[in-house]
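By letter and in written order, the chains are A, B, C and D; residue numbering begins at 1 in each of them.
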Amino acid sequence: MTLRFGVIGTGAIGREHMKRIENKLSGGKIVAVTDMNQEAAKQVVTQMKLEADVYPDDRSLVAADNVDAVLVTSWGPAHEANVLAAIEAGKYVFVEKPLATTAEGCMKIIKAEMNHGKRLVQVGFMRRYDKGYVQLKKAIDDHFIGEPLMVRCAHRNPEVGESYIDDMAIHDTLIHEIDVLHWLIDDEYESVSVSFPKKTKHALPHLRDPRVVTLETKGGVLITAEVFVNCKYGYDIQCEVIREEGIASLPEVDSISFRKRATLGTNILMDWKQRFIEAYDVELQHFIDSIKQSGEPSGPNAWDGYVAAITADAALKASNSGQKQFISLKEKPAFYSVKKENAHEAML
Amino acid sequence: MTLRFGVIGTGAIGREHMKRIENKLSGGKIVAVTDMNQEAAKQVVTQMKLEADVYPDDRSLVAADNVDAVLVTSWGPAHEANVLAAIEAGKYVFVEKPLATTAEGCMKIIKAEMNHGKRLVQVGFMRRYDKGYVQLKKAIDDHFIGEPLMVRCAHRNPEVGESYIDDMAIHDTLIHEIDVLHWLIDDEYESVSVSFPKKTKHALPHLRDPRVVTLETKGGVLITAEVFVNCKYGYDIQCEVIREEGIASLPEVDSISFRKRATLGTNILMDWKQRFIEAYDVELQHFIDSIKQSGEPSGPNAWDGYVAAITADAALKASNSGQKQFISLKEKPAFYSVKKENAHEAML
Amino acid sequence: MTLRFGVIGTGAIGREHMKRIENKLSGGKIVAVTDMNQEAAKQVVTQMKLEADVYPDDRSLVAADNVDAVLVTSWGPAHEANVLAAIEAGKYVFVEKPLATTAEGCMKIIKAEMNHGKRLVQVGFMRRYDKGYVQLKKAIDDHFIGEPLMVRCAHRNPEVGESYIDDMAIHDTLIHEIDVLHWLIDDEYESVSVSFPKKTKHALPHLRDPRVVTLETKGGVLITAEVFVNCKYGYDIQCEVIREEGIASLPEVDSISFRKRATLGTNILMDWKQRFIEAYDVELQHFIDSIKQSGEPSGPNAWDGYVAAITADAALKASNSGQKQFISLKEKPAFYSVKKENAHEAML
Amino acid sequence: MTLRFGVIGTGAIGREHMKRIENKLSGGKIVAVTDMNQEAAKQVVTQMKLEADVYPDDRSLVAADNVDAVLVTSWGPAHEANVLAAIEAGKYVFVEKPLATTAEGCMKIIKAEMNHGKRLVQVGFMRRYDKGYVQLKKAIDDHFIGEPLMVRCAHRNPEVGESYIDDMAIHDTLIHEIDVLHWLIDDEYESVSVSFPKKTKHALPHLRDPRVVTLETKGGVLITAEVFVNCKYGYDIQCEVIREEGIASLPEVDSISFRKRATLGTNILMDWKQRFIEAYDVELQHFIDSIKQSGEPSGPNAWDGYVAAITADAALKASNSGQKQFISLKEKPAFYSVKKENAHEAML
């Protein structure tokens, strides 16, 4: 059985995912494509030599008989409608983050999915499929070095352009930490506050950079997450979990080491696209495989999308008010508590 | 188009490769299977729920109309006949190492393939597809730190059992260094000698362990390769290329780091199967992709299989005689010199 | 010329420093000793075979003609009186931290020293003489990777006993970060706040552990300093300075590396006394040398002692109130601004 | 008691050692100085403001009543005569390597010292006092990871000048490995052979560089020592001991780490003088201390000087003949077998 995908949005990540499904992964196939920009959609089909139909709009693509699963890689604001359409049609849907741009939007999706009666939605939080995070998760779950007390992490980009507005530090950058950390330590956020050190001279006038986000969890874990998107030196993701008996940290990025000109060094990535390239592969393969094996996706779900939305909103408010914000989630429905095979278990 | 595989030999690595092709890679499919042990073959087909026919012998499998490519994962001594049968039938063949157990056997295959007129054979030297070696190769090809002068490497296993006889240190262990190093530095071996330090108390009586193999190349590069298969502490592959302006080394295996009980550490693998698990994936995907794109495989070829056989024979002689052995290859046919896209380029 | 020391306080660190001066350093000599516990003082003189007189009290020791410099290693609460006595007598004084237990006490010493007209006092903040910090300082002073924006540090002990009361986390542990960080980034503290993550199960009931102290400087640098004194795994001092073009971090403690039992590791110290053992040597040698060369000590001075006292008081208040505390120093007298040769320059 | 030194040879290392004794170490003092170049000797005394007499020649300096110990830092060929003169006068002598330029010369010194009846001589093999080697030695002596089987080491300099002739690769460079390795693994050399990889383009015409020296010990340990004195990238000393249960390696040189311009790096030294700067201090302090404590130096002795001479001669012969050379030492006199406190124990 092959999972037949319909793709909404053939932009940068849309094309990357399409290449994956066609050329690298097993068990999936692109059969339908649409984009607001119809020319773009047609061009992609031709260039990639796909046996896929180009649809004029989301609705008709979602409705197509041969589409088993919808891949939503349109712009963020379009996600909510795209996902709801897919659920209505009873189709599986893999949606890039964000699930929706508001917590209310996420809630609508949650209700639609629960009405449908089984899980259809997976959100593109690919870090849960990264080898390093998976090893870290395993080390925590094994209680290998005691209970977590603190987490220190950093999300650094060499630089960002004019179009990167201040909110994006939360909504596009921190969002990945927001998702991966509560999963990692299996806890819930309680509050968030944000501090701003001296601004780097490399940030454009409209951007506050760097910033340090402090999250406290219901279990008492104190998380400090640095967001620094003009750090110049590289794309660097760090995460260190301080526990009762020791500390576990993400590995540095795999690199040959060299001794040259008085330096012993390894390479740091400059391009964020390289960092999680394998995680994207595993994520989509896992989406395909769990649907085949159990009839439902078992990766990050709509509830995780909702948690991310609520938390990002609070972090944004904290960024702007200078005050600590409390994070109040609705109660988690049993529907999302039922234990599925975890993403990281799929990798072990 | 899907590349349809017929598999000869459903043992350990045969099954691993079959799972890859069916569940992880794109563009391949198992349609035919055989094994000397017919029950085993049938069982595999059932367990993996394959839509594949079980054939009574190699010949009939190779002859099957729907078989595009033969995957040879039988025992080493059977490889030569299996490969020759495939060539005769004009089928592509991916053969696990060794290509053949003798240099003469390899030569027969080379002649058959040249007669056929285009390349059909790829040998399972997966290290060329390992991310670390690929980075090392790239650093060398870029002349990033000058010309290679020396290479220091080590191939260590925690332990080996009774069935691991002395020759296997060369034929099963060193063989991977033999292949990957001449590719890495783009040079040819001239001589080999072997020294034996004090034997570890952990080696069984019939085995000399560790040993240090010294290879000299026509270009003057001096290679020392330690083979130590009862090193206890882990499965560890090291390679350091000493150049005119600096040194480049393989990365340590990707691992979270931890601070625990007075130690700052990372994990070393104990199981060799984990070490090149991604390289096996890339290797087979590359086999499928190059056939689709150019009608020929472009990974390690029959000539590489011959080089490995000749060099291993000399290393074995050197192990037993205590003398330096010269390595004399026949002249490399133009057929194998034509530049194909390199394996590592496929990964960049 | 030999600098002749009189020692007040022959406890743990007193004896260590006496051994240094007698057996390891150049140009110093112990000629006088006193301790509240007279028996202890006598015993030390006998055991160490010193040619030194035992005095009945601080006053008489300070007054002794052959005493050039007083080494104050009594208990913290006694320091103020000991130092004032030395200044009054016009003697040099090396005083272990704290200079005095209150900011007022420090101010009294500052006034006495300024009245005297030249610097006499050096405070035992030995980290400024640690090779790692010195390299870090140099990298910052060279503007090697841009201006500092953030500092992340940690001060971890494996465990503390019953007698370690909650205030000591600030007064005895954080105090070293307080001193070394403003020196390192050449900036002044503006505010301090303290957060408490979940308490480790290894801390005794009367102690809040770990805690995270946040310091903001007038220049806008944001410092997070973790104090964790029951971290179990080791004595570990970390410091990372995040700058506009990159990051510089303290080295891990010098250690052979080993590959053993599936781990690639280095050793972490368990005993804090080992960590700065060389820094203590350099510190005292520098005290002796600068007095000989320029007639004044040029290490951490009374003003630094005052800064530490004020900042520690604010951090304590912040620990107890849960509120951010502002740090208001009096204006720095020109007397302490005159540039002397810096401690770290002495090491380069 | 102060050990009063007379110095023969006020060249580069002579002056370094004099500064140490005067300004950094405890318990020593320079009271007499001579140099073939009398002007140089006088200048040093003036510049360093020493209270020391300048002598016209070695004999008169050695004979001076107030000289307790002679520091021989003249040119290598002068050492033998200088040391013999000191022994004859019953004075302690610290002699920079080599003890003598020939094995016969060393033997003469050994006989003179044995005739005298107690040990007087220490040879300047400072690596035994390096923290890294001391930790390595301790790890071996503790049988922490089994018995040594192989040692891999490297001695690399960024570059050497015209005056560095081919023999110096053995006599001035490898000599330190020769001394430190047999001490480290507590074994004796049996044979030596030398291989020459392709010559680096950075070596001058008269020099063969790099070279790989293979030493075999009586205990069966196989040592490969690379000497590469135009390696460009840094001064780098590596040593890895491969044992029955694991591997222990020298630490990399202490350095802050930095993240800058796509590199995570630490600094490698360029200047050899920095590498063992602390070892020189410890070495001379240990010389002073053992004489004070036990009446005899207990560091590297005349027998070690002889071992180095014999082994270096064989390595030179092997370099020139291309043949394996056997190393035959005379039997070690009980005089040198009596266990003294080891250098490295002094550091623990």
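We take it that a residue touches a chain if its C-beta (ideal position, glycine included) is under 8 Å from a C-beta of that chain, and two chains touch if they have at least 3 such contacts.
Worth saying up front: this structure is predicted, and the values here are computed from it rather than measured.
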Greatest centre-to-centre gap (Cα means) from subunit C is with chain B
Averaging over Cα atoms per chain, report the distance between subunit B and subunit D in Å.
46
With centres defined as the mean C-alpha position, give me the subunit C-subunit D separation in Å.
37
Please work out the Cα centroid separation of subunit A and subunit D, and write it as a whole number of Å.
58
Among the residues of subunit B, pick out those that touch two or more other chains and give their numbers.
145, 232-233, 245-247, 259-261, 266
What topology does the chain touch graph have (line, ring, star, complete, other)?
complete
Give every residue of subunit D touching subunit A within the complex, in rising order.
232-234, 236, 252, 259-270
Which bits of subunit B are touching subunit D when the two form their complex?
145-147, 149-150, 152, 195-202, 210, 212, 214, 216, 219-222, 224, 226, 228, 231-233, 242, 244-247
For the complex, which residues does subunit A have touching subunit B?
22-27, 131-132, 135-136, 139, 144-145, 245-251, 254-261, 266, 278, 285, 289
